[in-house]
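These are the structures, in C-alpha cells.
Shared between the two complexes below is chain A, which has chain B as its partner in the first and chain C in the second.
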Partner chain A sequence: MLAEIGFVSTFLAFVASIYAIIAAVYGGRQHSERLVASARNAALLTFPLLLVATGALVIALIRGEYQMSYVWSVSDPNTQLFYRITALWGSQKGSILFWCFLMSLFAVGALVLNWRTHRRLMPYVIAYTMATLAFFLGLVVFYENPFERWWIVGEEAVEAALIPAGAVAPSMQRLAETANGLNPLLRHFGMIIHPPMLYLGFVAFTIPFAFAMAALASGDLSTNWIKATRRWSLVAWLFLALGLLLGGRWAYDVLGWGGYWGWDPVENAAFLPWLIGTAFLHSVMIQEKRGMLKVWNMFLIIGTFSAVIFGTFATRSGLIDSVHSFARSEIGFPMFFFWAAITVISVGLILWRWNRGELKDEHPFVNILSRESLFVLNNVVFVLLFVAIFWGSFGAPVISELFMGEDITLGQDYFLRVTPPLFVALYILMGVAPLSAWGATSLRRLGKALLVPLALTALFLVIIVVTQHTSDPGALFGYGIVSLAGFVALYETYRGASARRRSIGESWPRAVLALFTRNRRRYGGYIVHLGITIIGIGVIGSTLFQQTTQRTLAVGESVDFGGYTLRYDNFTNAIADDGRQMQIADVTLIRNGQVLTTMRPRHDIYPTQPMTIAASYSTLENDFYVLLVGWEETNANSATFKMYINPLINLVWWGGLILILGTLIGAWPTETLPVTLREPAAVNGRARAKA
Partner chain B sequence: MAEATWEKPAAPAVKTGSGRLKFLIGGLLILAAVTYLIISGTGAGARYFMTVDELVKNPDYVGKTVRISGAVIGDTIQYDARNLIINFTIANIPTEYENLAEELHAAATDPSRTQLQVRVENQVKPDLLQHEAQAILTGTLQPDGTFQATELLLKCPTRFEEADPGKVITNPEA
Partner chain C sequence: MNVFDNMRRDTIYRVPTFLIFLLLLLALAVPVTAQNSPTSGTVTADDVNAIAKQMYCPVCENIPLDVCSTAACAQWRDEIRIQLQQGRTEQEIKNDFVARYGDRVLGTPQDPTLRALSLVTPWMIAALVALVAAVVLVRWWRGRGTAALATTGSVAAPSDDDYRARLERDLQARR
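Presenting the complex of A and B:
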C-alpha cells in the first residue's frame, strides 16, 4: 500500500508542477491574475503531495517493507532505526525524491514569503522553480522510482512499479534475509548530515536563480530580485559550506588516509557552485549600492545554478572516474539535457535584455582602489579559481577524450600548483577590500588603515615562529596573508565599536551588539571572514606540516612520534550489534610521562567489505591520528600502526563553526515592518489596486 | 539597512578612456598569468589514462607517469603490513564495456588477458583491495616490467550496483 501511496503522490506532484509551469507562464504573459493564482496553488500543492510521498518511503524504511526494492537495497533487519530513516538519502533513488521534497519546500517558502511584495516576479518564479522540480520529479517517475517492488515472474526477480503479468510476490522472509543493508562507508555522523546539507545548498540556490530569471522575463530589472533573495542566497551558501565541511570531516574520520580534501572530481563538483556562489554574494552588494554589474550578477547566478546541476549530473552520470561516482546511471542524458536547456534559455534571456539596453550600469568604474573595483577583482579571482578547478576536474579529461583521442586526467599536482596563487590573491583581497571606500580610496588612506592589522600580523608570525619552530618562508607567507584578513575583520569591528563608544558613549559590549544589530550583513560578513581565516590557517598547518610514520609494536612496546608516545596494550575481537566483526587494538597515548588517553583504532569487517576506522586525539595544537593496519593473525602479539600528526587541523572545523555563526548573523531577519508596508515599489499598480 | 534600499535613477554611463585602459591592461595581465598557471599545471599534472594492454605493448612508456586501470586478481594480493608494501597483479580491462562488474569478473578469471604486476609502497592496504575490484593506478612502468604505483584508487562495482541484484531472491544458493 505504501508503495502505491508514494508513487501516486509523486506522480500527482509531477502533474501539478507541469500545470503550474504552463499556467504561470501563460498567466504571466496574459496578465491573468486568476491563472497565476491557480499556478501558485498548484505549486503549493506539490509540497503536501511530496510530504506524503517522502513520508510513505520513510515509513516503509522504518517498517522494513523489503518488498520495495529501495528499502531492500539500503537496509536490512539489523539496521538501526536512525540509519533506517537516513537511508532515505542512502542511495540514488531515495536521494532524488528527497531532493524534490526539499525543492518543493523551498519553492513554497519563496512563494509564500514573497507573494505580495514581489508580485510582478511571481509568475516566472513559479515557472522556474516548478520546471526544476518537474524535471527531478520526472526522473523519479520515469527513471529512478524508489517505489518499485520486487516481483517474481517465472524464474526471474524483477523490479516494477506496476504488477507485471503473471507475477507473484517473493516471500517476505526471503526478502528480509537477502536485503543489503546501508553501505557501511555511509554509517557515519558526517555522512548522514553531509548529503542533506549539500542538497539544501543546491536547492536553495534555485530560489535566487528563479528570481533572477523572473526579473529578466518580467522586465522588473531593479534590485528587487536581489533584495528578495539575499537571505536565500546566504542560506544556500551556508548549507553548501556545511556540506563541504562535513564531507571533509567524514573523509577524515572514515576513509583513513589522514586527510580531508583530495581534489577528487566529485568533491570539486560540490566546491564549484560554492566558489561562484561566493562571488555572487559579494557582487550583488555592488548592484544594490551602486547599480553596477547587472549583467555580471545575472551571469554569476546562472553560473551557480548551472554548476549545481552540472555537479549533480557529473557525479551521477559516470562522466568522470572517481571514488564517489558509484553508479553509471541512466539519468546522465536527461540531466545533461536539462542542464544545457536551462543554461541556454537563461543566457538567451540575458542577451535579449542586454540588447534592449535594459541592463546598463548606473556608474562607471573609475578608481582601481575603490571598493567596487576590489570587489570586481575578488569576483574575477573567484571565477578564475572556478575555471581552473573546472578545467582540472572536467574540462581536461573530457576535451582530451573527445578531441585528442587520449584520456588525460589531472592529478593533485595540478591543483596544488594552480590553486594556491589564486587563494593567496583571495585572502589578500579579503584583507584589503573591507578597508576601501565606495567610489575611490587613496593609496595613503588604505595604507594607514592597514597599519594596525599589519602590526598584529607581524606579532602573530613571531608567535608562530617561537611556538611552532617554523621558519619555512612559504608557510610564514601563507600564515601572514591569511591572518591579515582575519585581523582586518577584527580591527574593523573594533573601530566600529570604538567609534560608537566615542560618539554615543556606549559600553563596549553594547557598542559591539549595536554594531551587529545595525549592520548585520557587514559585521556578520567580517565574522565569516574570520572563520575563513581560521580555516585557512588550519589548512596551511595540516597540509604543509603533516608528519606520518608506521611501526610494528609488540604488546607492551611503545613508539615515540611527534612528541607523543604510543603504547600498544591489548588486542580484542568483538562482534557489534549489527553483526559486524571488530578487531580492536587498545593503545595508550602518553606525553611528557603523562597518560593522555586510551584509544581504540579498529578494523571492522562487514559482510560486504572491511573498513579501517581511525582513532584520534585532538588538541588545538594538532591531532594524533592512528590507524590499525596489520596484526599477527594467530595471537596479535604484534600489530602495525600508521600514525599521523596533523597540526592545526581542528582549526578547519572550528573555523567552520565561526563561519556558520557569521552567516547566521548576516542572514538574520532585521525588518519588523509588516509585509504589506515593505518595499512598496515592488508591488505593481495592479496588485496594489487589488489589495 | 537604509543605505541598501534606495534606488538610484538610471544615469548614462560616463566613459573615461584612461580608466578603461587601466582596467583592460590589468585584466589582461591577470588572465595571462592564470592561463600560464593552468597550462603549466596541466603539463605537470597530466596523467595519460591507458589500458594495461597499451602500456605493456609500448616500451616508450617505461618511466613515464601514466594512469591505468585493471581488474585485481585476489590470489595475488600480498601485503607486508610491517613495511607497508602491497604487491598484486591486475588484468587488462578494455576502455569500453557494458557492465563493469561483469567485465571485472571476466578479466580476473581469464588467464589469457594481459597481466601486470603492481607494487605500492608506503601505503596502508586499502579496504577495497580485493578480488575483482577495479584498481585505478597512477605510477610508472619499471624496466623490469612491474608497475610502481604512487596512487591507488579502488572501485568495487558489485557493492554499489549489482549486475543482477534480484538473483539472490529467487535463488537460495546464490
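Presenting the complex of A and C:
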C-alpha cells in the first residue's frame, strides 16, 4: 500500500508541476491574475504531495518493506533505525525523490515569501522552479522509481511499479534474508548529513536562478530579483560549503586516504558551483551598489545553476566513476538534455535583453583600483579556477576519450600544478579588495591601508620561522599571502570598532557588537574571510608538510615517526552488532616518553566490501593518523600500519566553523522598522546620549 | 581477500630483506628496532608507495594506487616492488605501466600530445581571458576621457547619487 501511495503522490506532483508551468507562462503573458494564482496553487500543492511520497518511502524503510526494491537494496533486518531513515538518500532512486522534496519545499518558501512583493516576477519564478521540479519528478516517475516492487514472473524476479501480468509477490522472508543493506561507506555521520547539505545547496541555488530568469522574461531588470534572492544565495552557498566540508571530513575518516580532498571528479563537481556561486555573491554587490555588471551577474547565476545540473548529471549518469558517484544509469541522456536546454534558453534570454539594450550598466568603471574593479578581477580568477578544475575533471578526460581514443586520468599532480597560482591570486584579492573604496582608490591610500596588515603578516611569519623552524620559501609565501587576507579582515573590524569608540564612546564589546548588528553583511563577510584564511593555513600545512610511512611491527615492537612513537600492543577479532567482522589492532601512541593515547585502527569486513577505518590522535598542531593495512594471517603476531602526520589539518575544520558563523551573521535578517516606529526609539536614544 | 594476499606477498619479500637487515644490525652491534628504513639494496613499502602515489587504481577510477585496498592494486604495488628490486628507476617503472595499460595509470599523461592537451589548455584559456581583459582595459582607458567629458557635460543634470542624497536630506527634514 505504501508503494501505491508514494507512486500516486509523486505522479500527482509531477502533473501539478507541469500544470503550474503552463498556467504560469500563459497567465503571465495574458496578464491573467486568475491563471497565475492557479499556477501558484498547483506549485504549492507539490509540497504536500511530495511530503506524502517521501513519508511513504521513509515509513517503508523503517518498517522494512523489502518487497519495495529500493528498501531491499539499501537496508536489511540488521540496519539500525537511524540508518534506515538516512537510507532515503542512500541510493540514486531515493536521493532523487529527496531532491524533489527539497526543491518543492524551497519553491513553496520562495513563492510564499515573495508573492506580494514581487508579483511581476512570480509567473516566471513559478515556471522556472516548476520546470526544474517537473524534470526531476519525471526522472522519478519514468526512470528511477523508488516505489517499484519485486515480482516473480515465471522464473524471473522483476522490478515494476505496476503489477506485471501473471506476477506473484515473492516471499517476504526470502526478501529479508537477501536484502543488501546500506552501503558501508555511507554509515558515517559526515556521509549522513553531507548529501542533504549538498542537495540543499544545489536546490537553493535554483531560487536565485529562477528569479534572475524571471527578471529577464518579465522585463523587470531592476535589482528587485537580487534583493529578493540575496539570502537564498547566501543560504545556498552556506549549504554547499557545509556539504563540501562534511564530505571532506567523511573522506578523511572513512576512505583511509590520509587526506580530505582527493580532487576526485565528484568532489570537484560539487566544488564548481560553489566557486561560481562565490563569484556571484561578490559580483552581485556591485550591481546593488553601483548598478553595474548586470549581464555578468546573469551569466554567473546561470553558470552556477548550470554547474549544479551538470554536476548532478556527471555524478548520476556514469560519465565519471568515483567512490562518491551513483551507479551508471539511464538518466544520463535526459539529464544532459535538460542541462543543455536550460543553459541555451537562459543564455538566449540574456542575449535577447542585451541586444535590446536593456542590460546597460548605470555607471562606468572609473578606476582600476576601485572596489568594483578588484571584485571583477576576483570574479575572473574564480571563473579561471572553475575552468581549470572543470578541464581537469571532465574536459580533458572526455575530449581525449572521444577524439583521441585514449582514456586519461588527471589527478592531484595536475590540480596541484594548475590551481595554486589562481588560489594565490584569490587570496591576494581577498586581502586588497576590502581596503579599496567604491568608485576610486589611489594607490597611495591603498598602500597606507595595507601597512598594518602587512606588518602583522610579517610578524606572523617571523613567529612561524622562529617557533616552527620553517624555512621552505614556498610555504612561507603561502602562509604570508593567506594570513594577509585574514589580518585585513581583523584590522578592518578593529578599525570599525575603534571609530565607534572614538565617536560614540562605546566599550570594545559594545562597539564590535554594534558593528555586526548594523552592517551584518560586511562584517559577516569579514568573518567568512577569516574562516577561509584559517582553512588556507590548514590546507598549506597539511599539504606541504604531510609525512607518511608504512611499517610492519611485531607485537610489542614500536616505531619512531615524526616525533611520535607508535607501539603495536595487541590484535583482536570481533563481530559487531550489525554482523560485520572487525579486525582491530591496539596501538599506543607515545611522545617524549609519555603515553598520549591508545588507538584502535581496524579493518571492517562487510558482505559487500571491506573497509579500512583509521584511528587518529588530534591536536591543533597535527593529527597522528594510522591505518591497519595488513596483518599476519595465522596469529597476527605482526601487522602493517600506514601512518600519516597531518600538520595543521584541524584548522581546516575550525576554519569551516568560522565560515559558517560568518555566513549566518551575513544572512541573518535585519529587522527594518517603519519610520513611525523607529522615531520614538531614535528620539529616546538621542535624549539618552545628550543626558 | 586482498589484505591477506597483500600480507602474504609482504611476508615473502620481507624475509630476505629482514635477514640481511638483521645481520647488518648484529654486525654493527646496534640495538634491534622494528624499523625497516631504506638502505641500499632494500625496498621498503615507503619506496613502493612513493611511486604508487603517482599512479591510479586499475579498478576503482580516481583512487591513487598507494591508498587503494583492492586486490588488483595490491598486485600492482607488488609489481612496483619487484621492479624496484630489479634495479629499475621510477621513470622506467612508470613507462612500463603506461606501455602496458595506457596513460590513464598516471595522474598526468606521459604522451606529449595528451600532456600538452591536459596541462597547457588551462593556461591558454587563462592567457585568452587575460588578453580579453587587457583589450577591455585599453578600451576603457581610451574611453575614459570621453566618459569624463560626458560627465562634465552633464553637470547640470544631477547624478543619481546626488539625487539620492537630496532625497535623503528632504526625508530627514520631513521627519
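By definition in this document, the second predicted complex is superposed on the first by the 659 of 691 C-alpha atoms of A that agree within 3 Å, B and C clash if a C-alpha of one lies under 4 Å from a C-alpha of the other, contacts with A are read in each partner's own complex, and residues count from 1 in each chain.
Here is the rule we go by: a residue touches a chain if its C-beta (ideal position, glycine included) is under 8 Å from a C-beta of that chain, and two chains touch if they have at least 3 such contacts.
Everything quoted here is computed from the prediction, not taken from an experiment.
Once both complexes are superposed on chain A, the partners chain B and chain C clash. Within the superposed three-chain model, A:222 lies in touch with chain B and out of touch with chain C [touch as defined at top]. Contacts of A:633 after superposition: chain C is touched, whereas chain B is not reached. Contacts of A:361 after superposition: chain B is touched, whereas chain C is not reached.
In the superposed model, A:332 lies in contact with neither chain B nor chain C.
Applying the stated contact rule after C-alpha superposition, one finds that A:265 touches chain C and leaves chain B untouched. Once the two complexes are laid over each other on the shared chain, residue contacts for A:559 go to chain C alone; chain B is not touched.
In the superposition on chain A, A:480 makes contact with neither chain B nor chain C. Contact with neither chain B nor chain C is seen for A:48 once the two complexes are overlaid on the shared chain.
Of the two partner chains placed around the shared chain by superposition, chain B is the only one that A:159 touches, whereas chain C remains out of contact.
Comparing which residues of chain A touch chain B with which touch chain C, the overlap comprises 256, 291, 321, 323, 362, 364-366, 368, 380, 384, 387-388, 391-392, 396, 406-414, 417-418, 550, 552, 610, 612, 629-631, 640, 642, 679. In the complex of the two chains, the chain A residues touching chain C come out as 255-258, 262, 264-265, 291, 320-323, 362, 364-366, 368, 380, 383-384, 387-388, 391-392, 395-396, 399-400, 404, 406-414, 417-418, 548-554, 557-560, 603, 610, 612, 629-633, 640, 642, 675, 679. Those residues of chain B that touch chain A in the shared complex are 1, 3-5, 7-16, 19, 22-23, 26-27, 30-31, 33-34, 37-38, 40-42, 44-50, 67, 69, 79, 81-82, 84, 95, 100, 124-125, 127-128, 130, 136, 138, 151, 153, 155-156, 159-161, 165-170, 172. For chain A in complex with chain B, the touching residues are 69, 73, 150, 152, 155-159, 170, 174-175, 178, 180, 183, 222-223, 227, 256, 288-291, 321, 323, 326-328, 360-368, 373, 380-381, 384, 387-388, 391-392, 396, 406-415, 417-418, 421-422, 521, 550, 552, 608-612, 627, 629-631, 640, 642, 670-671, 679, 681. If you check the complex, the residues on chain C that touch chain A are 1-4, 6-8, 10-11, 14, 33-36, 44-46, 49, 54, 56, 60-64, 67, 69, 102-109, 111, 113-114, 117-119, 121-123, 125-126, 129, 133, 137, 140, 143-144, 147, 160, 175.
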